[in-house]
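Only one structure is covered here, and it is reproduced in the block below.
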Amino acid sequence: MAEATNIEKMLGGRWLDWLQGLRNLGQELWRDKTGFTGVVLIGVLLFMAVAAPLIAPHDPSTQDLRARLRPPVWEEKGTWKHVLGTDHLGRDVLSRVIYGSRVSLLVGTAVVFVAGTFGVVMGLLAGYRGGRTDSYVMRWIDTQVAFPGLLLALIILAVIGPSMITVIIVLSLNGWMVYGRMTRGAVLSVRQTPYVEAAEILGCKGKRVIFRHILPNLTSPLLTLAILEFARIVLAEAALSFLGLGIQPPATSWGLDVANGKNYMFRAWWLVTMPGIAIAITVLAINLVASWMRLISDPQEREKQFARQTTVRRRRQSRRLVSREEAGV
Amino acid sequence: MGRYLLKRMWHGVIVIFGVTLLVFVVTRLVGDPVKVMLPLEATLEQRAAFEKQLGLDRSIPLQFLDFVGDVAHLDFGDSLWQHRPAMEIVFEKLPLTIQLTIVGIGLAFFLSIPLGIIAALRPGGIVDRTTVFFSLIGFSIPQFWLGLLLIVIFAVKFHWLPTSGIGTPTHIILPAITMGLPALARLVMMVRSAMIDELNQQYVKTGYAKGIPFWRVVGVHAMRNAALPVVTLLGWEVIRAVAGYSVVVETVFAWPGIGLTAIQAIEREDLILLQSIVFTVGIMVVLINILMDMVYTIIDPRLKLQ
Amino acid sequence: MSKIRKYLLVGLLMSPICVSAVSAHAQEVTIALGSEPTTLDPQLREDGGERAVNDNIYETLMARRPDGSLVPGLAAAPPKLVSPESWEVKLRDSIRFHNGEPFNADAVVFSVKRIINPEFNSEQVSFFFTIKDAKKIDDHTVRIFTEGPDPILPSRLYWMKMVPSGYANNPKFAEAPIGTGPYKFVRWNRGQDILLEVNTDYWAEKPQIKKITYRFVEEPGTRLAGLKAGEFDLVTNLLPEFTQEVPKATHVLGLEHPIIILNADAGPTKDVRVRQALNYAVDKKALAEGLYEGFAQVAQGQLLSPSFFGFNKDVGPYPYDAKKARSLLKEAGATETTVEIIGTSGRWLKDREVVEAVAAYWDDVGIKSKVRIFEFNEYLNRLFDRKTRADAIFVVSSNELLDADKSFSAYYKAGGIGSSNTDAELAGLIDKARTETNVETRASLYHQAVKRAYDQAYFVWLLNIEDIYGMSKRLDWAARVDAKMLVKEMRVIE
């Protein structure tokens, strides 16, 4: 009996701790309004992607050639039936943006994850091991960089056939090199610092050195890079899908809608702008969350944040006091 | 230093050879230029005869032997598509892309440094937030949209600049902006991010405490340490500009450079022109990489040349 | 002298300068093409950019009036059939090439032999594969020999450009062309522009326009911008949605026919009722008006437009009837079947969009359409695959010779490069028509072929697209059916 309650207590304790940690995080988030906005936005986007069939007003592939190129509701010929207008085949733009989030978010995160992980691992290997390994990895990077990306896409297409997986593979193969280079450079420069040398002398194994000492220095530039790459990949997927190397109709993505809307840019600006705004908002949201994460993981930054907020609060309080005095209260 | 350079150049030769070989094999396995070159309704016999004339019906090893023999004379052969020496085409188009890249990415780089630093001085402040906001938009927008918009505003509406083509110095302005603006946005983000990290470090506070002037701390010491990720990104941007973004920008502005030519070569399965382009771009990539490695060592003397 | 008089005098003195300045400008035009020529050798490549330029520098034995009718060009009269396999052509005299070389039988024989020479490896050889040889009879008479009877030799001669026998061997020939046409080559700044100026010794009516500048702009939005900014006088391949933005536009029913090839031998489309249903299901008028903004006409149930030889005016389009489509499918037991449709993207005007639109129409009547858009090379693999034919393949057929033979041999005839049927009777009709020299018999053979294919619904006939050109206000020109931009037919009005 006693054991059971002990285990229960243990589990319960862990559970409570975890909940408590989450609650603290939430409070932190609430304090940083921009980070909060970012998380909310990402939540909305994820919800949109997952719940697309429930919230989209129309089927994104239903066409109506008589209702082509209708403008958004706030323009002269717009209607509430198609809030963001229709495209060149009469399909509802809002529904396409909602459904398009699925492909764009999936491809963007998958590629950043796959390419990033692979690139970082390669860079770590090259930088830490040095010598022959470094040489081989760097030459491999050089070769891939010099190899035309579209050609690579065509080969993979010939083997697998067009699909979202093809796009993810192609973009990952084309995109890992920059992570590799950056990681290797950072590893090389950190490796020779005194504290790393000290760790090695103390007998820390390679893995420990890498994970505990080197990687934390990398998170900042890598995170920035990941955000830049995400935007680039969403648009690169468009180029591939537009050519016929990627997703097939009736599936769509933001990038593909942007590419399809190119020739209607002057006639129907909303075809390019709406999915474009979606891309921009996603990138913004990711950036907000990333900077917030950097903030809370760096104790110095938290100090600065705390100091800033305290100053603002105090200033507000003193202003209120002053005005009360002036009002003769 | 000399030995290092030699070693790197030797590596470079291996890389270039490797890539050219890969492209050679891959294009012959996957591609079939004949079906793209002849009109759609040409018959099978006509296609077979055409292929025979081009020498493409022979086995790949045989073709490769021929190719190696030709390269020994620095002769890559005649472009299947344009019927003139492929290298001639490359030398015609490449300088234009290099021009565009230097102006576009160069401007982007030099502008990104002050902008990124100013933003990093007060993270979270108004200047910083504005810079970040515009940068995010800058690299999220599609390049063709930016290009066409610039044309409509500055060329069609105001007639200040030509809509497309080459010829006068004014012709490069809009294409360079289109090429450079997203790059500027990305570089600013990286400079800012790297500088924020550096300015947080102990040595910066120590420097101020010691009385070193502000501009020296930031401009010399912090910048030096922040340079690594920025230089990496810059190298990446230059290579992508030549091999990737140039396609869109050159198409929109009818700028006859190598990016556009490369994609047309792929579409037409012009294997010979493709080989020449890959070979030349390969050389450029290797040179840029060597340059980057050397810059790394200048920035951070701790990085020993291996 | 009073002030007014003085001003008038000055004005009068100035006016010739003003007028000449205006007219000097008035005689030049700038044309924006969608692609730069890869060579200026007129016989080597299948290249729209090269044709656009060389159509003004070179000429052909036969020519076409703007409405498409065949008339003598460099020939003095249409070719005469002297034996089943040989034709005699009489040439005009006193015509010279731009470099002074005389245009005579030697030049013609040389031109013919050059283009059919297998070592020359011309991409245009599919237009001339019936021609065996050419012989000079006298300075102004040539005999052309064909492999088997060839009733369309005259229209083949409208496609073969005449080159000078001396200069053609010059290595600079492909970069500095010399022809007999109304315009002379001046300069080619690669990547930038091509300049032509008028041939003052031209043998026919002198053109009004004296100088031509060709620019090459791939991006349709940029071409439009250049036109609007006043940099171009004429732009090709104007997108239908841009027509409201241009100062002037001219359009004409062109050579391009988007069409869907149905597999008649296997798969869900094996049943003729299914194929007919697929035809009834598509609202072609809506496609023409909606997708192409009215700049297209509904195809008349055949891969020909009214001006083409072989056009059967008694056959019309399958009307849009979704109900009939559904009932046909039910009859065939094919409701809810999957039909795979293959297309490509970016090669032809709205190729991707047409496929998506048609698939949606098919979905509406109960078909489960599976759209597969392939990159162009991969797409060609499917189009030319003789072993497994896809259920439905989209293609745009372009018929430069304005004659049924080429496209029917490719798509209608069993075993043709893009055909998906094994109809021996249809193939027989087409084979016979190829060598039938009697014009009426030949026409009736094609009429029968058209009717048979229509009844069997081997294709989903869609549209005949119009060519649209954007023009500046100062240019006056009516587009031609064969899409040739002959600057001698253009005029500048100020």
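In order of appearance the chains are A, B and C, and numbering begins at 1 in each one.
Please note the rule applied: contacts are C-beta pairs under 8 Å (C-beta built on N, C-alpha and C of every residue); 3 or more make two chains touch, one makes a residue touch a chain.
This structure is a prediction, so every number in the text was calculated from the model and none was measured.
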Let me check something: if the centre of a chain is the mean of its CA atoms, which chain is farthest from subunit A? C
Would you mind telling me which chain pair, B-C or A-C, is linked by more contacting C-beta pairs? B-C
Mean of the CA atoms for each chain, then the mean for all of them together: which chain is nearest? B
Could you state the distance in Å from the CA-based centre of subunit A to that of subunit B? 24
Roughly how far is subunit B from subunit C, centre to centre by C-alpha average, rounded to an integer in Å? 38
Distance from the mean Cα position of subunit C to that of subunit A, given in whole angstrom: 48
Give me the residue numbers in subunit B that touch at least two other chains, ranges are fine. 31, 144, 148, 152
At least two other chains touched by the same residue of subunit A: list those residues. 154, 158, 262, 265-266
Considering subunit C alone, which of its residues make contact with at least two other chains? 221, 376-377
Given the complex, residues on subunit C that touch subunit A span 220-221, 224, 239, 241-242, 244-245, 283, 286-287, 289-291, 344-346, 352-353, 355-357, 359-360, 371-379
Would you tell me which residues of subunit A are touching subunit C in their complex? 61-63, 65-66, 68-69, 88-90, 154, 157-158, 162, 242-245, 248-250, 260, 262-267
Touching residues (chain side subunit B, partner subunit C) in the complex: 31-32, 35-44, 46, 49-50, 53-54, 81-84, 92-93, 96, 144, 148, 151-152, 155-156, 159, 162-167, 251-254, 256, 260, 267, 269
Taking the complex as given, what residues does subunit A use to touch subunit B? 130-131, 134-135, 138-139, 142-143, 145-151, 154-155, 158, 177-178, 181-182, 185-186, 188-189, 192-193, 220-221, 223-225, 227-228, 231-232, 235, 238, 255, 258-259, 262, 265-266, 272, 276, 279-280, 283-284, 287, 298, 300-301, 308
Could you please specify the touching residues of subunit B with respect to subunit A in the complex? 11-12, 14-16, 18-19, 22-23, 26-27, 30-31, 124, 132-133, 136-137, 139-142, 144-145, 148, 152, 186, 189-190, 193-194, 196-197, 200, 228-229, 232-233, 235-236, 239, 243-244, 262-263, 266, 274, 277-278, 281-282, 285-286, 289, 292, 296, 300, 302-304, 306
